[in-house]
Amino acid sequence: MRALLEKHFGKFWLALVFAFLYLPLLFMIVFSFNSTRQDARFTGFSLRWYEALLNDTKIIDGFWLSLKVALTTGVLSAVLATFAAFVLVRYRRFLGRTIFSGMVNAPLVMPEVIIGLSLLLLFVGAQNVFGWPQRGMFTIILGHTLLGMAYGMVVIQSRLLEMDRRIEEAAMDLGARPHQVFFLVTLPNIFQAILAAFLLAFTLSFDDVVISEFLSGPGVTTLPQVIFGYARRGINPTIYAAATLLIATVTVVIVSYAVWVARSTRKREREMAAAARQELKALGA
Amino acid sequence: MAAFQLSLPGKRFVIGVPYLWLFVFFFLPFLILLYISFVDMGSDIHPFKPLWDGQAGVLRLKYENYLSIFRVTEGAPWFRTLYIDAYVRSIGYALATALLCLFIGYPFAYFIARSAPSVRPALLLMVMLPFWTSFLLRVYAWKGLLGDNGVINRFFMTVGLTSEPVQMLYTNVSMLVGMTYVYLPFMVLPLYANLVKMDFRLLEAAYDLGATPFKAFWLVTVPLSKAGIIAGFMLVFIPCVGEFVIPSLLGGPSNLMIGRVVWDEMFTANDWPKATALAVVMIALIVVPLALYYHYTGDRSEGGKP
Amino acid sequence: MADTSRPDGYLVTEKLVKKFDETVAVDEVSLSIGKGEIFALLGSSGCGKSTLLRMLAGFETPTSGRILLGGVDVARLPPYERPVNMMFQSYALFPHLNIWENVAFGLKREGLPKAEIQQRVDEMLGLVQLTPYAKRKPHQLSGGQQQRVALARSLAKRPQLLLLDEPLGALDKKLREQTQFELVNIIEKVGVTCVMVTHDQEEAMTMANRIAIMSKGRVLQVGTPQEVYEYPANRFVADFIGNVNLLDGQLSVDEPDRCAVATALGEVQVGHSLSGAVGMAVAVAVRPEKISIGKQRPEGVRANLFTGRVKEIAYFGSYNTYIVVTPQGKTVKITEPNGSRHELLDITWEDDVFFWWDNTDAVVLRD
């Protein structure tokens, strides 16, 4: 009785919250095909907003810039996150460990306004003293990387903790020097996590508004900045078209990734079970 | 178990790289932030005036930057300044959002954790998918949904709940809806991670000992998930205080939050020292929640303690 | 205590000490192990055997002492510079490499030419009978097969010393017996000097040429399985290996070829001398299977004959265990094999029985 109630209420609540989560997405998808600018009435099917999207140079330029920034941020973040995760997991005691840990994890929680502001001041100051850097793509990448590194580190850290340390010892025992151990054994085994960190940082960078606004320079406008500009001015279904394309891409990527993971896990489990069965048979015989 | 570590020069390099990066791009900026908040800009557009006046041998600190935050506007009681209003409002919204996220997100995380293991990955995927699509776009969608001519108002009128469009945009409603919507995953995920590790047989033991489901929930489940609750709460509250985008898109002049105030001081009024002073006060406000957050997420690199 | 039984030791540790802050994990261990010997470190957890093994492998640096391998002190060399290889308890196979690459890993680090690596790997896989599985990944193999890969991998570099960390610990009981002999065969075939660590007596007794029993960081006795079992050096060893009855008493007679101890049961005759002082406190150790039991007084037995009442009987299939309580309140454990069905001794609970043993079947211990 109790369990039944819990089950029904549970399903109801899950459905409700999922509806809440997906309502805006569905709204945008539907109305991206609206033939007029109307927000409440679907007046007819049309692809005009997609056309407008493809002709909107500001959006297209912003897209390419964001792509470049996100790719660079992703790589940089993944590398730094690997370093940081390695340091925190492997080195128990070193000078300033708590401070280090605090600094790495802080961007996860801090308001972006503070991060953006303080970095801006840093760059302006540097510009005064060294004459460099100019605010633009480079500074945006640095700002995004700070954030990406924090998020990436969470993923890599958890994988590092999970990994069996003995294989590193085994590698050393077999003659691999420490740097060889890292590149030949550790890295391949945490690779999936590093990839995940890259994707996470990429997404965050591609989506970021605040830090970009603080750190961008003249003529440098990322896609979110463009959209933000449009958004403040009013409703523009071209944005809905962009959103629909994005949702479609993300859905395809994530679902295929999930399916691939599920399939390879099942395959792996089947193989392990088959090996165990074989062994039992051999024992019996 | 002292495992054989990397030889010393290697170790220094590995620690050094991220440390240096963090020092330059995280720590140093904060020092500069603090520094600028004491600068007297005067009529100089250059914000980097030295604090130390070599000639007079005096440390010139402009406390005014901070004091003006607390200075009263004409005719109003002592605590009603523009800035204090903004701080209070920001904390208020952040608190409300965190509570809403908790209220909606806890049962949500709970039921996912309780669902069949075969279904869970799919459910989690469905939670994560909106997260991976642009948050800006999703907030933008709410602008359309909540507008006077939006779908929701039209729905209300068609169904007969109201005869005129209800003002939802640029009000507390749109603010809270937007913020709760964006920050919900940040509450759900830590809660889920915590709940999924919980041993539900403890609940069964409680039932066995005579507890009603309601009591068992409050006396067993909730206390055990305390770490998850606090971590999730802080993960929503702290960034929410400084939220900028959502108030800009979904909020009106009466919903001014401190993030926007800092921005305005910085780029509209060009008063950099004032802006940094405001930021420093913001940091001071979130220091305690930040400490709580660190305490309850523990040092995760110690191997996953609750 | 130092092991001086092999002065020509190939692997020699000299007063090896390992301290973690204030805790002494390994306390002045001196061992001498011969070339090609299979040597076991036996003890319960926390006795220091694993730490000792890790020092031999290079994963721990000794606080003091030397480790001589073929005359060379390797104590301070890192693991990748030692001619020592280890087979880990959990196998620690590289999950991202297939079996062939796992075994070839160490050889590649040596920079050997490809052809030689190929030959060596094939040889190793043949040795452990896993040739058809070369292209598989570790997770596609069973536990027993994974262990064989681990063995092949640790032998591939032809190390001067092979270390085994609880080699049978991860296996099912049935698989263990079979693997015990296989392992020993392969190791002896290759002829490598081997040190293994285990907490399982049976494993040590079956596989090793000699055993060192450790407790609290110290070595209590070194000897062949037979020596250690039949002639334990002290109480701990006597009690640790197999079952034993320990009778406390005082040395009453001490002659060149025999001695006697006054115990609660009465005087016990022992067939060796102690070279001690009369009156000193000693213990007589006699194993349950060495004691005979019967309802009738046996003919021709003059020494070490006692009486008691049977309090417990346990039937173990191949043997019986009797717990007998003597009039003095001492408990004695006696085991008798079930040789043939007709030989059942017809002893039951509460029976009054006689029990006796030959004076050469017991040992007197000082401590």
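Just so it is clear, A, B and C label the chains in written order, and each chain counts residues from 1 on its own.
In this text, contacts are C-beta pairs under 8 Å (C-beta built on N, C-alpha and C of every residue); 3 or more make two chains touch, one makes a residue touch a chain.
For clarity, every value in this text was computed on a predicted model and none was experimentally measured.
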Innermost chain, taking as reference the mean of every protein Cα atom displayed: A
Furthest chain, CA centroid comparison against chain C: B
Chains most often in contact, by C-beta pairs: A-B
Separation of chain B from chain C, taking each centre as the mean of its C-alpha atoms, in whole Å: 61
Chain A and chain C, separation of their C-alpha mean positions in angstrom: 55
Intercentroid distance (Cα basis), chain B paired with chain A, Å: 18
Sequence positions of chain B contacting 2 or more other chains: 3-4
Chain C: positions in contact with at least two other chains: 58-59, 78-79
Residues of chain A touching at least two other chains: 169, 172
For the chain A and chain B complex, residues of the former touching the latter: 2, 6, 10-11, 13-14, 17-18, 20-25, 27-28, 31, 38-41, 80, 83-84, 86-91, 94, 96, 100-114, 117-119, 121-122, 124-125, 128, 142, 146, 149, 154, 157-158, 161, 165, 168-169, 172, 178-179, 203, 206-207, 209-210, 224, 227-228, 231-232, 235, 239-240, 242-243, 246-247, 250-251, 254-255, 258, 262
For the chain A and chain C complex, residues of the former touching the latter: 164, 166-167, 169-177, 180, 184-185, 188-189, 268, 271-272, 274-276, 278-279, 282-283
Chain A contact footprint on chain C (complex, rising order): 57-59, 78-80, 84-86, 88, 90, 92-96, 105-106, 109-110, 139-145, 153-154, 157, 172, 174-175, 178
Complex contacts: residues of chain B adjacent to chain A: 3-7, 10-11, 14-15, 17-19, 21-30, 32-33, 36, 47-48, 104-105, 107-108, 110-112, 114-115, 121-123, 125-130, 132-145, 147, 149-151, 153-154, 181, 184, 207, 213, 234-235, 238-245, 248-249, 259, 262-263, 266, 272, 275-276, 279, 282-283, 286, 290, 293-294, 297, 299-301, 303-304
